[in-house]
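Structures for review follow.
Next come two complexes, and both contain chain A; in the first it sits with chain B, in the second with chain C.
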Partner chain A sequence: MGPSLDVSVILVAIAPFLAAALAPAVHRFTGAFAGWFLAIVPAAIFLFLFGFLDEVAGGEPVRASIDWVPSYGIGLSFLIDGLSLTFALMISGVGTLIIVYSGAYLAGHPHQGRFLGFMLAFMGAMLGLVLADNMLALYAFWELTSVSSFLLIGFDHARQAARRAAIQALVVTNLGGLALLLGALMVQHLTGQWDLSGVRETGDLMRLSPFYAPVLVLFLLAAFSKSAQFPLHFWLPNAMEAPTPVSAFLHSATMVQAGVYLLARMTPILGETQAWMATLTVFGGVTLVWGGFSALKQIDLKQMLASTTIASLGLLVLLIGQGSEAAIAAMVVYFVAHAFYKAGLFLMVGVLDHGTGTRDLTALGGLMRKMPVSFVAAVLSGVSMVGLPLTVGYLAKEEMYLGLAHADPSSILVLLVVVAGNALLAAVGIAIAMRPFTGATVETPVPAHEGSFGLVLGPLVLGLLGIGVALATAWFGHDILEPAGTAILAEPVESHLTLALDLGSILFWLSLLTWALGAAVYYQLDALRALLRRADAVIGWTFDKGFDVLMFGLVRMAGAVTRFLHHGRLEVYLVVVFSFFAIALLAPWLTLGGLERLMPPSALGTWAAQWSWSDLTVYEWAVVAIAIIGLVALVIAQNRLVAILSLGVQGIAVAMLFLLFGAPDLSFTQFMVEILSVVVLTLVMTRLKLDERDHRPFEDALRDGTIAVLCGLGVTLLLSTILTGRLDNELSGVFLATSVPIAHGHNVVNVILVDYRGFDTLGEISVVMAAGIAILALIRGQRGAGRIPLPPARSERIKGMVR
Partner chain B sequence: MNTVIFRTIAPLIVAVMVVFSVYILLRGHNEPGGGFIGGLIAASAIAILGMSSSVWAVRRALKFDPLAYAGFGVFIAGLSGLASLFIGAPFMTSLWFYVELGDTEVALSTPMVFDIGVYFVVFGTLSAVALALEDERDEEEID
Partner chain C sequence: MDYIIAGLIGIFVTVGVYFLLSRSVIRMLLGITVFGNAVNLLIFTGGRLTRQVAPIVPEGAETIAGAANPLPQALVLTAIVIGFAMFIFLLVLAFRTYQSLDADNTDNMRLAEPEGGCRPPLSY
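Presenting the complex of A and B:
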């Protein structure tokens, strides 16, 4: 357990990103074999993780950690226990097959390298997500999966539908991502732990906390949005805009399972309460039935599979909500079974699409002879989806019924829902595995042909695994199910998986009922589809449309708010800004006792005696007089140019005051600023083609004058009040004492600007530059409007002609 | 503004102002002055030059876009702060080098580089604004 282990475990999450960066180059050099080359990375990760199986099954989770933000005590920590290992093995294993498949599926596509890069980056994010122990790392990887999903759904970015689907998925899953971050921060605040393994050791702390409800809501929102639970399910069918390998990998086998993973992870922390069980069961149940019926409505094979994915996710959530030992065991087995058969079927649909040019269920038929390997793959995955004996799907279904078959009314209701859901899934499974291959041969857009080796390998292997793993029942139960179940429930779970059929058990009859119902639905599929579609047409509203209404409403509201605040009338901007400035100056001064301080009530009668003309010298009075003259001239000026010049006079007088009272740097700067202000204001005046005279009506002048007087009064009173107190000169003393010895400068002002407070100055000069860019944009924007500035050479020539 | 006297004198004034601005910039650490004031003086010089001759001629004399000077300023100001990272000190720790040039000792430091950065930012930004405003006048004169 040296540092090498830490590094190698962390490499599991990092290596796919490195491979992703290299993917385009690999594609350029290896061409058609890019998929095979890049698949080495996930395959190596799979084998590496496989090596931990014994250790983890022996009850020894593997931990790895490196410092991340040590100053906040945050480490990049990873934990390999039964749950994360099961997920990580599925991700890397299925990922290997998918990368190979992608290489063949997108053969000859100009952006294949980019595609493979996105896929590998996603895989790294997903592996990081399931292996991360630190909640912030979990959140970071969670968001990375959303981002890579966005890139992959929008891969075919020339199509509007793909772009919309990508944005929709990003919006919905990011909503959940923010909820996850908030929830993680709350959990950390309440328990003082960043690591989930640490939080798990706090026992009932979270469940008994008064903040249990908000934390639960946040985590459920995160999980439900990611795992497409009703009513946030609508993004998943749209995500089918992505190329088929993406649908197989992200939107069925792995990414959408992240929500399920999160719920399983949080079970020891948040689970086993009434609220947890009720919410998960209800939402999972509704999602299951909703997804099942949605699947019947579709004729596009990918859409059918997407809807059944929603249903399966609902089933998994429901099982976690039940929380019994058998239910959790069923959830683990069903997760594995679902990943195998769903990814397999998706890939098979991709082969069909590739080989026939369509994936419309009603436009396919009799392909058994032309695509025999695909047919075998479809049947292998299909029987697992239906849950026939000798498949993982069967084991999962038996375990489910074992966990739910209790005699109380609510359990029976849940059981009925699950049986109905499984029957719908079985019907869709039969339809997808049989319809395209049996019956009369239908003419397809492309002459039907079998896929290449790279294409059929994935579905075939996944289909075989769905049966092979089931045959290795004892190994599967001991090495996968028991460690994963133990990790979820935080108490030992024992596998009682068996392939034996027990005719005396209720479970067998429930299975039989499921198959019978499924077969019945399959034979009435077309009639049911027509019925459901008519019902949809009557309702005429979908969640998808609701999302659009919401988004457009948001955009319209943002527009309205912007137009309200940014009306583009400079006069009103200035009035608002300076009114608030006056309020900010005067309101605190009045409410916090500034008046009493400046003029105590006791001294009110004698204020005349206290008044003294300050002992200024003659030339100091002269400067004050210049300032006043400038001010008066400014106010009474009829001509704008005179007003600008008067402002300059007044400003210069103030600069001279600074000079007289020992602030040469300040006064120096003020001189230059005043001069440049006059120049720039004059230029602006000519530039805006303002009248020479100011034609404001009297009311406007009164309003502006009042605001100006209030601002001036506010500043004067505030400064006077401050000067009645004792100024704390400690900081000035430090600066004065240290500026020569440590900063090597005699000009303290400059030393403060460039050294002591250099960071502030860096920010300020950046702002100055940004403001300059904005001013130029404004000037050019106004000049634009159809008129293109002349190129220099030409304008010079024209100027010569004019002169 | 286009009197012969002004047009003739302006380049001389501008030259003096620019030299003076550099002097103000460099003496800033010990005497009144510094990058900000220096930049303002140099920008005023550019504004004067723009009034006396054409904006196009000024732009050509500057070689680069005025905003590029400002960007360069922010860049070297930030860079001067990074230098201290090489000796393991926090960002913007000042470093001082003394170079003997004949009999005089010249102090070179990262705050000086920083101040030069400030000079360029103020000079570049204000020149850009002034020239853009003057540019418009030029076009009107052409029209």
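Presenting the complex of A and C:
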């Protein structure tokens, strides 16, 4: 039966990446049909995964694993249970339609191949994310979705708004990614498991751990940033800068659901505590209401949909927070319903945009006749969004109210919030599905026309699925809902989905209330929008602006730090360097017992004997004196010539020291070098109009002098301490003993240079040659180039300062 | 006697560092030369000082006893030559800089890094 299960499951996550790499080439060869060709990949994945439904519904998760970093016991492991299968089926199924749609939507775009490649790469990352069992793999795929989202939002990179939105999304979601990595590492450390399935088996270990709170915060931060929960929601509306298929796929149906997926995944590990329930319910509820009201403010259809996506994400998080069996079932059904209707509506808006040239709700009307297929698609998705009977949206809403309708005060508050949120979503759903198509015909920038087959296929199929899945209630309940719910709660969940209307149940009346409220809001939409916009104008501050302030603050701070450290004043750099040089010399010497070694307490009495004048002969003392005289003359020299001659004096003294202590070769070389230096320096100096004297201010001279004395003292003390130790002369002994027998040379120093360390000498010669070439280049360049032109004002100023 | 030479090396280092901290490029160059001499002496002295007996094996002999340590001498010889090459290169560089910028003072050499530095862009 072909490749093993392990390989084929892993191929599911890898195949889209391969297709992504090939996408530009496929586009080049197939042109307008690229979308259809590339859609084969997600369609095949969908069918492959569909085959697992029965097995997973039977309670047997599918596992696959290959070695990744065996030395750390990390495997690239995948797990297909009800939850990941539901997500993966949505990703590959909706993805197939989206790829077909993208082919038609960007027909003729020069970078369509690149776009399709990004889309497929994202799909691979997303599939990997939901199928991964290993936490590090989960993190890697999580970051890959952020990266592909960045590339897709910034697809139209010539526009600044798109670049800003892309960076914003990347910054916010990567912040969450880092939190996820930290959280995963902490969980691994606490449980010793890399696989989430393994962590799930540790039971209450995480919940009882003293580190439960930080781990919870990290995972919530990751989920909230990805799933645009208040107050990290602001990046999602900006992400609408991306082409419409991206908004439909990444920013409503799949990527933003990764946070919801993570929370669902972690429910058996971190969930069911007071903190978990309270945090998720509060943040989810606030996000739901905030998103609902934001949607009312917009007139751009995509922005309206984006805001309702935020609201829906809030609703999903709230349901996970509630955590009861019915709430979790509602979350699964609502995730499916939302993916169908929201992706369908987004694609429909794309068709509208394509066919009329505008997405402005107030500039569209009466398109029913000119765009009949789009209208049908819009209504199909719209009824699911409103939650009318016979749609999967209705099932989700009923299940939700079933899970929330309890009699205690906090439950009633949550229920009211959810009803209000659903009503707002319903109002927006009616507005998007009806407004552009009904009423008086409005002139549009482009003469209105229906989209091509590839364009309308996606929204139509998604709209039909929203109803078809609901009609197959029993299958949906048994094959999707029950396995997914069971995977989330780690205990069997039973589906009680039904399409029947029960007039005696409170659930029906709650639904009726939702619809009535939604209709009322819809009829007052324009008035409400004006009111909300006025309120916004009064506040005048948004999270979006806050992001800019934060980012620019960071850039300014980086600039200030750079200017502080990298100020460009050589003198200060050198002061710092030599201060640390002095510290590096003296601090270890003082702390590691250098003083005791140099002057042992036992030898204190005989102190004078060790430092007697007769250590050096008279002529040796004379050479030392010459060196000191040269150095002092150098420091106090009143003009250039004295300075140069003093330099020569100290150099000659060094040469004489070499001579006195048995190094004639060194002495000879040093003589040559010193004489040449003095000659060359004199030649050059006479051509420079330089300051005769050192014009350091007194306090600078004091500071520099102190540092210099400390450096000198440090070197002396360190060297003296070294000299008290024993020298290992083994290597020198070998050279002395073998110089004549092996190398046939009597001058041992020369033998070392040209024989034992010949390559070293070769390097030395190379350095000299390189210096010579560089000098030649500098002097040659002088003739042609002349002076480097300076801005006139600066040039004058510098001249003024020098003279 | 080693300790006295160690003290002398300290004086070399002091003068070298003091000149290196100057703002005049030519003075820094003098500082590099003095500092280089200090380091050469440091290596030489670190191999212990031996009076007058050079490590040269007499004609007919296989080896020599009590000679100066040849290893530091070989190291220092290399260092002297490289130091000289660098000194001449820096001298020419300083000379050309003076010709081009009319400046010997490092504070005035701000062609590559203008005063105040460049500001990072505040946009996307």
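Definition applied: the second predicted complex is superposed on the first by the 581 of 803 C-alpha atoms of A that agree within 3 Å, B and C clash if a C-alpha of one lies under 4 Å from a C-alpha of the other, contacts with A are read in each partner's own complex, and residues count from 1 in each chain.
The rule is simple: a residue touches a chain if its C-beta (ideal position, glycine included) is under 8 Å from a C-beta of that chain, and two chains touch if they have at least 3 such contacts.
Worth saying up front: this structure is predicted, and the values here are computed from it rather than measured.
In the overlay built on the shared chain, the residue A:Val69 is in contact with neither chain B nor chain C. By the document's definition of touching, of the two partners only chain B reaches A:Phe759; chain C does not. By the document's definition of touching, both partners, chain B and chain C, reach A:Pro664. Once the two complexes are laid over each other on the shared chain, residue contacts for A:Ala771 go to chain B and to chain C alike. Once chain A of one complex is fitted onto chain A of the other, the partner contacts of A:Thr686 are limited to chain B, with no touch recorded for chain C. In the superposition on chain A, contact of A:Ile628 is made with chain C only, not with chain B. Once chain A of one complex is fitted onto chain A of the other, the partner contacts of A:Ala472 are absent, as it touches neither chain B nor chain C. Among chain B and chain C, the chain that touches a larger number of residues in chain A is C. Using the contact criterion defined above for the overlaid structures, shared-chain residue A:Phe735 touches chain C, although it does not reach chain B. Contact with chain C, but none with chain B, is seen for A:Val715 once the two complexes are overlaid on the shared chain. For the contact definition in use here, the residues of chain A common to its chain B contact set and its chain C contact set are 664-665, 669, 673, 676, 680, 684, 687, 746-747, 749, 753, 761, 768, 771-772, 775, 779, 790, 795, 798-799, 802. By the touch rule above, chain B contacts chain A in their complex via residues 28-37, 40-41, 43-44, 47, 54, 56, 59-60, 67, 70-71, 73-74, 77-78, 81, 91-92, 94, 96, 107, 109, 111-112, 114-115, 117-118, 121-122, 124-126, 128-130, 132-134, 136-139, 141-142. Every residue of chain A that touches chain C in the complex is listed here, in rising order: 160, 163-164, 167, 552, 555-556, 558-559, 562-563, 566-571, 574-575, 578, 581, 610-611, 615-616, 620, 624, 627-628, 631, 634-635, 643, 647, 650-651, 654, 657-658, 660-666, 669-670, 673, 676-677, 680-681, 684-685, 687-688, 690-691, 694, 696, 704-705, 707-709, 711-713, 715-716, 719-720, 722-723, 727, 729, 731-732, 735-737, 739-741, 746-749, 752-753, 757, 760-761, 764, 767-768, 771-772, 774-775, 778-779, 781-782, 787-788, 790, 795, 798-799, 801-802.
By the touch criterion stated above, chain C contacts chain A in their complex at residues 1-24, 26-27, 30, 33-34, 37-38, 40-42, 44-59, 61-64, 67-71, 73-74, 76-78, 80-89, 91-93, 95-96, 98-111, 113, 115-117, 119-124.
Contact residues on chain A toward chain B in their complex (touch as defined above): 664-665, 668-669, 672-673, 675-676, 679-680, 683-684, 686-687, 743-747, 749-751, 753-755, 758-759, 761-762, 765-766, 768-769, 771-773, 775-776, 779-780, 783, 789-790, 792, 795-796, 798-799, 802.
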